[in-house]
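Just so it is clear, A, B, C, D, E and F label the chains in written order, and each chain counts residues from 1 on its own.
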């Protein structure tokens, strides 16, 4: 087999060069495993692994702290500050993250007639899972950690179809229902008590590489509801507080607070045809 | 680490209170594992684990029966009837479920030019997998079992992007093609020989918690085809038998039988621009 | 339990007949495992498993060759040529596939302001993963291998929400961003340097089984960009080179080169309502 | 590679013939998994998986019953009675087995100065584990089940170095301490309150195939202690009740009750040598 | 099945009472996993998982420290001092343990003509593995941690057949070759540069529970070699420094320094018999 | 934690130096996985994974060939010849190895009254497993492959308690019954139709490093039976063909063909004592 013409030395030499790079980053399972273990520690509903005492909780968080440090250390050359400082800062944010996620879960429960209990929301709702992993990834992103935040949100994307860039800034009581197909871009800003349904895109109008430093994605103010399939584009687009954006709406301009934007359809209903 | 200011005793005490709840429900993997093992017993195409004799089949179903009982028993306080009665009733539905799923698979094969064989449809089509898990979950839901039905359909949602609430009622020969982004709400009613493409939403018009007991999602009568991206909303919306709903259509009102509803587009095609 | 009325001998006999078929195909994990191991060998970024020397690379590819043969041999009765010839031909395509995937990755990097490095694109972008598995599956499809190509692309579909039929023909420097909900049909033809966003469908206008041998899906010429949620249908539909298709556009007819097709919206923005 | 001279068609044809046999028996992991799950149900100390209510216990044992049936059914052609009858009979023995194993554990605790608690004995003592698996395997052996008993005892042998043939008959309060190297043959008979140390063999004097139906291994009456490394051989050898057999003793004849047999050593101690 | 006579309510009630105890101890895999991860951190030969920098090493040991704490905390009611203090003390011993294990490995290499390199000894010799896990377990035992030390040494016992009680005290440059069947009792004391072969027992003369607080096992002074199958018993038995104890020797009394004790055999060699 | 006095920079620096070595050898699981997969291909009894056709068999052996090559390549600097040549030579020996192992299994069946079928012997007898892995390891050892042979035999040692050095030379129809504690040294030579019981040592008389190149272990001629616990030592010791060595015998000198060596015991049987 080694003598095969197509897989020749030239190919392997080229591939070898490719293999000689990288290796810098820990395996994805480290980052994802950390995020999920942290989620289970904060919300034992997920796997039923309850802890029995304060001291076990403390020990679990010490362990999570040490795991995070272990993951960050090999990235030191690319980190803005010492790995130990970043890991400590991350842990400090957890009480706040816990409160925000609790508020998210309560908002999901309050807003969905099909939801039976907070327990069900935390355990079974993909919107909660995706937002929880986003909030952890966003903290790492804010601390300047490269790649890991994206590995975490892409894991959630793969499991839920909800694609939130770790750079987006999202207020509390945030709800995503169903969620498949939701895309929230890197520079999107979302206020408090916002609710999105499946297939909502908060994206860029046009995409060219030189815009990397600019706000390319819309701003959604407090108390906005955006129904399924709506597309809102552009860094100058601001959806005013309290607005309702109907399903399938296509918006590339700002709307003032308390707007209601509906899709007119323009569909044609033909008279019933005699045979199919 | 334990002396960290942010992760203080107050936080751990609050978190401990959270940990002391729940624990009631068996791990998600139990419910999902049961549903997948049942799927493999009914459709060995999935993993090639064929059984060799009638008595092995019987023994496998006895084991599945016992597994279900094992899962239901810890939920007894929340069950409407004894776990043993519910498990027995569930098993009794299986011949019917098998026939319905066979009809679903045959309809998928008949309707997709790209499908080569029933074997391929059962093994590789995400629409078949999601509908199979929905049908099992729906039976549990109908029997009054809490949470587990949702865990099963959310597992299918995660794997296929098809989100069918276990409460929906769906007739036989049901096809979902491609399927990513399909959402079927809790009170939707779907007749026989209905076919959906990816991104179809059968949803609620507006969502407030006090509507939980009301029909919030549309009714789709027999022999309807709904193309990709169509959105049909509202508990009073009825799509008459034999209708065809075009892609991207947005419908919040009923249409009579044999209607054809097309999206007009209203897109503007600009003359070719000289440079990109 | 065995005496249950519903699970009677008639049911088990019927099920037994079902069990006695099939068994022909190797488990899905074989095909998927092969595709992922091959991906890791070509792009060690994925798991950080770098190889250290040319001879290790050669040995890895010999092993992949032997694994592929092991998977194909049980399918021999359905293969158009000897399994060994097909496996050898598949391996011969790998240098070309590597170059194409490298071009795909570079195009993703060049086109996304959020992308920081080629490493990040290869490791974390679902669009790269789905296209990589499609390219391997397409080669197997072209060689006449049944089922396996579909198992591989459905695995990618499950992980990314991107559903590319292995029969589609796609040129180099192909980008899919975000990707959830993308559907590319069996007879689609896509040129070079094409870019798609999430929720784009390249589908069939109407679907009846007797069309299996006909081109049912559109042709996309070189340098086309198709924004999120656009739907392009029909085997006669050709999107001319250099065109830009806006988000949510619905197209069932050809457009000439360098067209720009925008969705007009037709949404109604109502004046702010005093209370929500 | 296929053209290699040594691995020629003749070899593969011969090997194929070998592959075409067998296949009858379920995988070893089924039998071993059943035995370990049963052990955990009876002695939750092993993995800390405690059950919370009577009805959960009942459901667990129903599940174990169904698992056993599932394992036995493919063996039906070789079973002396219907698989269902054997499975039911096995389950009926469990209260007795539980009592006997409890007595075994208590005897281990009472006899070992190093043992701190019953919990430690059940969880950590290889002697308890090996005897527990032997007792389950012995019941299956007595019921006429082929191969599975041996798979279970060989699993325990692999983990503990204690090799008890499932055919041996052993009374309650049986202790094995340390245990590595213990061998107890198929036709050995052991009374109550017997204690063995590591390396004890209860074997056959000479081994020829035509002796299969004869008692080839010794009888150990009640309250006998046999210290490390003792070898007791022969089907006519009876160790009388209450005897103590010293370490390294070699016995091929019976001894009356309350005998004490010591090894004299016959070692030579040379005067200290000036330098090593 | 639930109505079976043998598995009646009385049995399940009794079993339930048994289930309601315990639960206190973490799963065995935690303790064993910690010990093996620590072994890999100290001796990367074991799995080839080398670390690349000082800071990664530090982070790994921080993580091990946190893991140990996480394991100890649920045991707090049975610990003599706070879990955190014990974990810290354990970590403090590691440099000493590393040096001792290095000395053990070097002694194994120096003493075995079949050993090719230190690497081979560390990676492949069961004697090294068993002694390494014993040394970790002994430290935990010395700190007063219950059960965990025994779980660790029993894991090594299961893998190697070498059964060293965590209470034994063993000096550096300790070698066990082959090792199957070695038993070293709780109160044994072993000096420096001692070497044991397979099947050596350092045991108690007679075993009654009231001796728990007494030295029941022998003392082996420095530079002693004990060949295969030798048995040395009794708390008053001292093997003087520099002695050589031959294979199969049976010793229940002390011997002075530099003794050589040989087994005389007393075997009878019969003249060749004409036919077998 | 990082500031701890005992785990100081000096310790980590020393440990780092240790980590910077090695890494050369593939993980043990590669070698062991290869050996077990090869065992299953030759003897499908082990896991019931039968292959269905000659071409599947061929493909499986091609895959095994490629796996072996993949394992050997990173060891190239220490190999006496090119990895590819060694892998090919190894594969060439397999028909012979298969025949020898078949003869071993048949001899085990013929000699053990407790054995019911060849199937049972191959699947459940630790003696067969250990000898099978030894025979593969011995071939690798003979070809000059470092370390891997030892990893394979130590895996078998761990599972069975049977420790055969890969350097030993052993003829066909070799039986080990029970097996725990068997040790066969590096330079032992064993003829045809030899049978060993548990605890037999074929060892060295004295062990000093400078003897590495000398025959240190005994020679066992054809048709010898060695009963449990016998110890035979020394490179000049030859056990003549057709001899029987009794249990517990201690031999350091040669015996002529057809000798029978029995252990006399010299045990003292004291009159029954009135009370225990």
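Just so we're on the same page, a residue touches a chain if its C-beta (ideal position, glycine included) is under 8 Å from a C-beta of that chain, and two chains touch if they have at least 3 such contacts.
What you see is a predicted model, and the numbers here were worked out from it, not measured in a lab.
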item: Other chains in touch with both chain C and chain D; value: B, F
item: Self-contact between copies chain A and chain C, residue sets same or different by half; value: different
item: Interchain centroid distance [CA atoms averaged], chain A/chain F, Å; value: 54
item: Centre distance in Å when chain D and chain E are each reduced to the mean of their C-alpha atoms; value: 24
item: In chain D, residues with contacts to at least two other chains; value: 1-2, 52-53, 58, 62, 65-66, 161, 180-181, 199, 229, 248, 263, 265-266
item: Touching residues on chain E, where the partner in the complex is chain A; value: 52-53, 55-56, 58-60, 62-63, 65-67, 69-70, 72-74, 76, 83
item: For the chain D and chain F complex, residues of the former touching the latter; value: 1-2, 4-9, 11-16, 18-23, 25-28, 146-147, 150-151, 154, 157-158, 161, 163, 165, 167, 180-181, 183, 185-186, 199, 201, 203-204, 207-212, 216, 223, 229, 231, 233, 240, 242-244, 246, 248-251, 255-266
item: In the complex with chain A, residue positions of chain C that touch it; value: 42-45, 47-48, 50-54, 57-58, 61-62, 65-66, 88, 91-95, 98, 110-114, 116, 119-120, 123-126, 159-161, 177-178, 180-181, 197-199, 228-229, 247-248, 263, 265-274, 276
